[in-house]
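Two complexes are shown next, each including chain A; its partner changes from chain B in the first to chain C in the second.
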Partner chain A sequence: MSYIIETALELACVYSFVTLALFLSFRILDIADLTTDGCFVLGMCVSIVCTLNNHPLLGILLGMASGGLAGLVTALLQTKLGVPSILAGIITNTALYTINLMVMGFSSNISILRNKTIFNGNKLILLILIVIVVMILLRYFLSTRLGLSIRATGDNIDMVAASSINPKACILIGLVMSNMLTGLGGALAGQLQKSADINAGNGIVTIGLATLIIGETLINGKKSITRNIIACLIGNIIYRLVYAFILQTHIIPIECLKLMTALIITLAIALPYLKDRKKALC
Partner chain B sequence: MKKIISLFFVAMLLVTLLGCSKKADDGYKVAVVKQLDHESLDEIAKAICDEFDVISQRDGVSIDYGSVYSGQNDQSVLQQIGSGVRSDGVDVIVPIATLAAQTMTLVSDGDIPVVFAAISDPETAGLTDIDYVTGTSDALNTKQIMEMMFKVNPDIKKVGLLYSMSEANSKKSIDGAKAYLKDKGVEIIEATGNTDDEIKQAATSLIASKVDAVFTPTDNVVMASELTIAQDFMDAKIPHYTGADSFVKSGAFVTCGVNYTELGKLTADLAYSIMTGGEVTDYEVVPGGVITVNTDVCESLGISPDIFLDFGEIVEVTTIKD
Partner chain C sequence: MLKIDNISKTFSIGTVNEKLALSDINLDVNTGDFITIIGSNGAGKSTLFNLISGDFKLDNGSIILDGVDITKRCDYQRSKYIGRLFQDPLRGTAPHMTIKENLALAYMRADKNKKIFSCISKKDEEFFKEELKKLDLNLEDRMDTKVGLLSGGQRQALTLLMATIVPPKVLLLDEHTAALDPIMAEKIMDLTERIVKENRITCLMITHNLKMALATGNRTLIMNKGRIIKELDETTKKNMNLNELLSVFKESLNDDRLILEE
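Now for the complex of A and B:
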């Protein structure tokens, strides 16, 4: 029994990096960055290929760095070539499909079932440690001068430009950081699941957004940055527990999982709105 | 904050309670997990469940296979399904397709035997030499299908290879086909795609190159587009040789591929023998001795299905009409 919860929590930790990444791009920078799906798989492939060559730790670091590179491409498309932000993400994401195949030596699936990964002892404790460290670092960063500039860019780009801060540089750094987080998530997911698959990133961005919004709604995350960062993890834990619950009880036919995901997201978004309206009516 | 904590505990409690309520009774419990919803995988899953029913009738045992899980092609969902069935205390997990098998092997971690179904290349997938993992392979007999191609038309000059880059399944057969065709001095034209529309374009490019025949291995991406591209090939009078009978039912010309119902049956038998204490042996390759021919296509190409009599048992099908 504890095993189900353990798996749910492990997955929650790994995918909370994607949520943190979306928090940074979607909430802080106010950019819909669709690089996520491909970037997640990129981190995964790099991490798995390194693990295959017996460098699991290096795999995590390089996976994270490669994610940052993908973010750099998206950012450059936006800032240097004038590609609209959603398209820039889609373009990078499309290109990454081929890049990911290349990383895996043009094979669509690599398994490392027999290799050692960074998860030697208790996987969950290690994952929780990494998540907490990353969350603290991110919180600290957002209060630095650079972090504040990035936050300001998302809030009011004209004001930032008027304060003689370069908003394009802020967008660039923000997107690189955001995709580094996605890459890190992918790298950890790959070693946790001991395989990389070209389709592993399908729909990650949906789950990321869902968990971001679930977390925000449930603990009123938009109140402060710290709360919002914690909400990313909480959202993932709730999401995975709900999924585990559905899978165990079969209260909803297993064939309808995706519909369920859509329902959970809709509920999470609609609840605060409906609550506000009810208040206004009273 | 209080709300969250209480919500969290309620969720935990519910999951825990449900786990406890599921106590295994007498008989055996099996979990069938397919990687995604797909015609071939559905056929295998159905065959596996049917065979379990047959076995329970025959031996008077109860085999509870519950409902068939689908991972929706999402590795994290597969992992959660895996941890769930492990807690349920099933006797065997039967994953269908590569990613499902890899994930179940990882999740089981030696606690529960894993009997996979329909993996074309278990070596590359890293599923060999693990003492709790075995299963069935649908490795395609590439040489045989090439021989069939030359039997139909001994003067083939140009052969198109249509496959996707996203399928581990395809690589081995494509390499085999290339080696065979090069040996024969036939020109090879490759066309690949990763989505429905790309496959359609790839198929069109092959038709434009005036190939004499097209070969596709057990490739799920191409399979998803088969109904649309089959018509184009038929109009251009190009026979489409494929890796599985599901293609032929969707309008391809012929396959010597594995009969997935047979494969499902064999997988269920293997799983049953392991449940009842049998040893975990090496995986079994299901022989591809069944020639499935589409008579609609035969008619339009002017070829009699009997031409394949030398190759094995012939099964005639027509294109499914919705």
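Now for the complex of A and C:
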């Protein structure tokens, strides 16, 4: 039982990077960035290929950097070529499928059973440490002048230009950072599971959004930035525990997992809405 | 100081919606001028402001600020020297950020505040507090309040402070009191005049309030159909009463339909 909970918590930590990335793009920048799925796998592939060559730590860093690069492409599509934000993400995501296959040498799946990963000792403690450090850094960043500029870009873009800050640069930096977080999540997930799979990112963006909303609802996350960042981790923990419970008890047959995911997500998004509806007139 | 040289702008060129918004505008603004601009809706007043602040490209002509040709610079580069307020009090502030954070962003226009990885210092905070006190709206005690919770008047006062916290060379006021209640409008107008005077900011103000246009500033322009059709200098303004201005206004517009307020 404790093994199951531990695994659930490990996954929660890894996927909370995706949630933090979506918090940055969806909540702070107010941009629907759909690069996530491909970006996650990119981080994973880069990390695994590096680990195969006995550079696990470099793998994490490069996985993160490659994610940032994917974000840069999405951002440039938006700011330089006028592609609408949702489409820009989808286009990059599509391109990334091929890129990811290339990184893995055109095989759809690589495993690393013998190579050393960054997880030598207790995986969970290391993961929790990384998550906490990243969360603190992100919180600090969002109160710096650059962070404030990025927040204002998602809040009132006119006001950013009026403060002699280039709003397009803010969008670019924000998206690069957001996708770096996704890449980091992918890189850690790869080494944790000792494999990379071309389909590992399917539906990540949906789960990321669901966990963001679950966390926000549970601890009233929109009240402050700090709360909102913490909510990203809380949401993931809840989601993974519920998931583990379903898997263990078999109250739902294993074949119906995807359907179940969709249901959990719908519930998570609908509940706060329905709660609000009670106060409205019609 | 601000030299607007023969600028024109036509929207939707080559379509059925083609509209000449400004044609061959020339304007020499001297340092310290406070110019009020009146004119019917669609006369090109706001377009003139949009062109000065860099929202659109000019069709032809040039804009020179303090001897520097800024015609090709984009809006965020110009906003370092050109401040602007709109009629809509919501346009100048970020609603989900606190008063302090909004001010900090505006304060970044000063070069010394460009260190992007630095946070708001205690010194900055004290400075913001002092500046907020001058608005006399008790906002200095609410520095951590989200701006979205303030009233329209409070937000416009904050926007005014943000636009002038690093004094710009030119301040453009686009009917910035029109959406406020009469008492708040008067207060904002007083604040504007005080801040402009204290910092010797050159100012252009669009208004539909002829009384305000006459009482404020040292020059008044009347615009119609994309042109400046009449200019009143300081002495002319002083010797004119509201009715005279009204008749000058009507005369200069000829048969144009107008909605005027006292």
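As a convention for this text, the second predicted complex is superposed on the first by the 277 of 282 C-alpha atoms of A that agree within 3 Å, B and C clash if a C-alpha of one lies under 4 Å from a C-alpha of the other, contacts with A are read in each partner's own complex, and residues count from 1 in each chain.
The rule is short, and it goes like this: a contact is a pair of C-beta atoms (placed from the backbone, for glycine too) under 8 Å apart; a residue touches a chain by one contact, two chains touch by 3 or more.
Just so it is clear, the structure is predicted and the values come from calculations on it, not from any experiment.
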Checklist line | Contacts of A:Asn202 with chain B and chain C, given as first, second, both or neither | finding: first
Next item on the list: Based on the superposed arrangement, let me know which partner A:Arg114 touches: chain B (first), chain C (second), both, or neither?
Entry: first
Check: Just chain B (first), just chain C (second), both, or neither: which does A:Ile165 touch?
Finding: second
Next item on the list: Could you say whether A:Ile219 touches chain B, chain C, both of them, or neither, answering first, second, both or neither?
Entry: first
Next item on the list: Could you tell me if A:Ile264 is touching chain B, chain C, both of them or neither one (first, second, both, neither)?
Entry: neither
Item checked: Broader residue contact with chain A after superposition on the shared chain, chain B or chain C -> B
Note to self: So in the superposed three-chain picture, is A:Ile254 touching just chain B, just chain C, both, or none of them (first/second/both/neither)?
What the structure shows: first
Notebook entry, point to check: Between chain B (first) and chain C (second), which does A:Leu96 come into contact with in this model arrangement: first, second, both, or neither?
Noted result: neither
Check: Once the shared chain is lined up, is A:Ile234 touching chain B (first), chain C (second), both, or neither of them?
Finding: first
Notebook entry, point to check: Between chain B (first) and chain C (second), which does A:Phe245 come into contact with in this model arrangement: first, second, both, or neither?
Noted result: first
Checklist line | Set of chain A residues, in rising order, touched by both chain B and chain C | finding: none
Item checked: Complex contact set, residues of chain A against chain B -> 1, 3-8, 11, 14-15, 97, 101, 106-109, 111-114, 189, 193-195, 197-200, 202-203, 207, 218-219, 234, 237-238, 240-245, 247-250, 253-255, 257-258
Checklist line | Partner chain A, residues of chain B touching it in the complex | finding: 1, 3-4, 7-8, 11-12, 14-16, 18-20, 22, 37, 67-70, 72-77, 79-84, 86-87, 98-99, 102-103, 105-107, 124-127, 130, 165-168, 171, 194
Check: Which chain A residues qualify as touching chain C in the complex?
Finding: 140, 143-146, 148-149, 151-152, 155-156, 158-167
Margin query: Under the definition above, what is the set of chain C residues touching chain A in their complex?
Written below: 75-77, 79-80, 83-84, 91-97, 101-102, 104-106, 108-109, 113-120, 162-163
